[in-house]
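You will see two complexes here that share subunit A, one where it goes with subunit B and one where it goes with subunit C.
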Partner chain A sequence: MALLEVDGIDVFYGRVQALRKVNLTVDEGEIVSLIGSNGAGKTTTLRAISGLTPPSSGQIRLRGQDISRTPAEVIVGKGVGHAPEGRRIFARMTVRENLDLGAYIRRDGQTRADLERVFTLFPRLKERHGQLAGTLSGGEQQMLAIGRALMSKPQILLLDEPSLGLAPILVDTIFQVIQDINKSGTTVLLIEQNALKALAVAGRAYVLETGRIVKEGSAKALRESPDVQKAYLGI
Partner chain B sequence: MRFFVDTLSLGITQGAVFALIALGYTLVYGIIELINFAHGDVFTIGAFIGLNLIALFGMQTWSPALLVPGLILLFAVTMALNGLLGMAIERVAYRPLRNAPRLAPLITAVGMSFFLEGVLYLVRGPNQIAYPNLFPSGSVSLGFASVGLTNLVIVAVTVVLMVGLHQFIQRTRVGRAMRATAQDRDAARLMGININRIIAITFFIGSALAAAGGIIYGFYNESISFDLGFRSGLIAFTAAVFGGIGNVVGASLGGFIIGLIIAFSTSYTSWGLQWADVIVFSILILVLVFRPTGLLGMRVPEK
Partner chain C sequence: MTARSQKPAPSSSPSVAARIRGTWSAGTRAFARGSRVPYIVLLLLLVAFPFIDGNQSHIGIAQDAGRWILLALGLNIVVGYAGLLDLGYAAFFAIGAYSYAMLASGQFNVHVPFWFLLLASAFIAALFGVILGAPTLRLRGDYLAIVTLGFGEIVPRVFRNSSKFTGGVNGIVGVDQPFIPKVFGFPGYHFLFNPVPYYYVILAVLVISILLIINLRNSRLGRAWMAIREDEVAAASTGINTVTTKLLAFALGASFSGFAGTYYSAYLFVVTPEAFSFQAVSIVVLIMIVLGGMGNITGVIVGALIIYALQSYVLVQLPGWLNSLQSSINLPFLQGVDLGSYAQDSKYLIFGIILVGIMLLRPQGLIPSAQRKVELELGTQDEAVADLRGSA
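Let's look at the complex of A and B:
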């Protein structure tokens, strides 16, 4: 059974349809990427999965269990961590408080180890743990958003444009960390405009255009596809 | 000197009540950006709940030894009951409008205010109702002046509640969830925070603090009436805006400052209490024009 199955979902914002019959699956241990241009529906897909924007029809299943109507605050407890678009960190709280909030649902008392893990992945956050999150640089805020999502100990991590607005050197760091996170057992569903980078780390990928999945396959096959090269890789 | 100290003491004591009400405005505004116009009347109801409990248990005749634990219980029970009332109001009047345009809950809040005031009028009538002061009377002499014991106890109780609130918001898991909800509701949900529960808790706390203010008002002024919350509520709202709406420390500070302004403007001029209101609301207008974020309402730059 796939870890995550998105089964023919439609999502509306008011009267505007953002997603049309979107299907995708993510198996345990994978890095799957969702690429597409601005407004294609990538963010909406993640918001539907994490429960912020529930689908009007279709089903989203986590290990076979339907979560399409489950509220966002419950879904996180089922193992879905979401580092949302625009980072959405709590600017007027310290780095440490942000990370503690990431572990809000945890009742196992093991959060200390996860905090250490986040600090190992992102040493910058350890240095700045007492600083207000709003005063961090863009890259540091992105690290915090990912670290915060990891604190819930997710089975699947949803990442929305982690490289957006970052200096090239930081982009490499972030992608390295994403691979590290995946190697330590967390499945990743990654949205990127930087399709080249996304296809380099992902095993499989989906291409989203105006709310529909238009192409899917192994990252390698997509990298070599003339359509994808022309539209997203700038080749 | 004696006159100055008397005025100071009056201002701080009245300011304590405004501050306790202002906290409710600021907490609710901070979390759902609603000016809860019914809050002043929730304060009045808190005063009446306290009065009913005092009468029910005949607390005026209790011996001093019993009175201390009795007063603590009186505050706790009144605050809890009023807190539940605040939660109920949120549940029936505001939650159904959570995703409506912002004007809708605002108008509903004004309507709820009229409704509560109407109910109070029907139940307790239009007259002033006597309120016993169960705090110690008498005064402490400072040599050049003296300060009422009641005033001192009022300030002590208020400070304890404020520090308690501040610690709760800063140090506890629920307090952290409240701050997260105030800053970014979607992000808070992604952390697993149940927004509806946090909003309900916020209304509970705000209404409980208003109840404490209500009892204190009753003790100090020794009478209350059904429409008490109208003026007190507006002044406390001014205090909350003055301090920076959404800011808990600001609301406390704003309450005391407004209390002092009213006390000094009535004691040191011959204008009388009517003019005090003019001054207070002029301050509200000036703050809104020149510093809409209030004294302490500053924002951290968000990148």
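Let's look at the complex of A and C:
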């Protein structure tokens, strides 16, 4: 059974349909990427999975259990960590408070180890743990958003444009960390506009266009597909 | 570093009681970390105050100021911590006041003891906080403000128009005075018209409230409030139930107001609907917390004291001061001009000018929280922000 199955979901914003019968699956241990241009529905897909924008029809299953009508705050507890679009860190709280809030739903009292893990992945956050998050640089804020999502000890991590607005050298760092997170056992579903980068780290990918999945396959196959090259890789 | 940056659940025991105990002691430790001496000295001075100053009207003023502080502390939970702009705070104050007036007076010939109703009215107000909150908390910012404004107008009007129960415009007169019953050989004590026992009641309530709020602020709930204030979507995606968390802020804030309301009607022996209007309560309390420093307990208290002093002392005395100044310097071109009555007529203009002046000088409030400080400096001076690193 796949870890995550998105089964024919439709999502509306008011009367505007953002997703049309989107299907995708993510297996345990994978890095799967969603690529597509602006407004294709990538963010909406992640928001539907994490419960922020519930689908009007179709089903989302986590290990076979339907979560498509479950509220966002409950879905986190089921093992879906979401680092949302635009980072959305708590600007007027410290780095440490942000991370602690990431562990808000944890009842096991074992958050210390996860905090150490986040600090190992992002040493910058450890240096700045007492600083207000709003005063961090863009890259550090992105690290914090990922770190906060990791604090809930997710089985699957949803990342929305982690490279957006970052300096090229930081983009490489972030992607390296995403691979490290995956190697330590967390499944990753990644949205990227930077399709080249996304297809370099992902095993499989889906291409979204105006709310529909138009292509799917291994990252390698997509990299070599002439359509994808033309539309998204600029080759 | 304060205790709020510690883990939500440092203990290995996951039981709810243990968690509450944990956050409680964490909060108290944070409070204790700074020197406690000034606070204890201040408290002793406040306890000794009625013995030092024998003038009963001064004690009366002090207890009145204490009631405003209580109101401001309650609204600070809603606006300062949870970031919900509530313009109808007076409604809960009115509910608390009328609860006592209706249940402890000749109105229905029901005489429930003051001490019981002091606690019960907090629950009644909290219940109304939830009733108002439940349908409206999906609204945000300006929209929530408008709905709460409406609620704040409706409640006093309902009290005014239900004359059968509330005495209408005349209100309820002859509300029971609190007394300490005869028990265990204690002779019993009636408060009557002496402000001193009221002063001690409000002082005790304030001390308990402040300790409670400090601990709430550092608790898991307090952090959840601040997360919602910062970003509601992100708060939901970290697993915070935004609906219940916001309702709890509303209910707790309202309970302080209900508390203050019961106290107020017991002190005055009278409640009338005009006492709870927008300009008399809701906006004044909001000004207190914004001017003092939203989210900072000391700031809120200082703000409450300053606005209280401005409203009930400076503005009241101003016409008299101007008249005596005029007669002592006796400028010819001012002869026949009644400066005092001009000041009387433009009381709110002067109040407004003072407020604008203070906000221009200290836009972040008199004693801002670390968060407000950074928010105002962000974007203007990036260098200064870096210096704040340690202070947060």
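The criterion applied here is as follows: the second predicted complex is superposed on the first by the 235 of 235 C-alpha atoms of A that agree within 3 Å, B and C clash if a C-alpha of one lies under 4 Å from a C-alpha of the other, contacts with A are read in each partner's own complex, and residues count from 1 in each chain.
Simple rule for what comes next: a residue touches a chain if its C-beta (ideal position, glycine included) is under 8 Å from a C-beta of that chain, and two chains touch if they have at least 3 such contacts.
The shown structure was predicted, so the numbers you read here are calculated from the model rather than taken from an experiment.
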Following superposition onto subunit A, is the placement of subunit B relative to subunit C best described as a clash or a fit? clash
One more residue to check, A:T94. First (subunit B), second (subunit C), both or neither? second
Please work out whether A:S152 is in contact with subunit B alone, subunit C alone, both, or neither, and reply first, second, both or neither. both
First (subunit B), second (subunit C), both or neither touched by A:D227: neither
May I ask you to decide whether A:T111 touches subunit B, subunit C, both, or neither, giving the answer as first, second, both or neither? second
Determine, under the contact definition given at the top, whether A:S137 touches first (subunit B), second (subunit C), both, or neither. first
Who does A:G102 touch here: subunit B (first), subunit C (second), both, or neither? both
Return first, second, both or neither, reflecting whether A:A72 touches subunit B, subunit C, both chains, or no partner chain. both
Both partners, subunit B and subunit C, contact subunit A at residues 50-52, 71-74, 76-77, 82, 84, 88-93, 97, 100-102, 104-105, 132, 134-135, 148-149, 152
Could you please specify the touching residues of subunit A with respect to subunit B in the complex? 50-52, 71-74, 76-77, 82, 84, 88-93, 97, 100-102, 104-105, 132, 134-138, 141, 148-149, 152
Residues of subunit B defined as touching subunit A within the complex: 173, 176-177, 179-180, 183-184, 186-195, 299-303
Spell out the residues on subunit C that touch subunit A in their complex, using ranges where they run on. 1, 4-14, 220, 223-224, 226-227, 229-231, 233-242, 370-372, 374-375, 378, 385-386, 388-390, 392
Residue ranges of subunit A in contact with subunit C within the complex: 50-52, 71-74, 76-77, 82, 84, 88-94, 96-97, 100-109, 111-112, 115, 128-132, 134-135, 148-149, 152
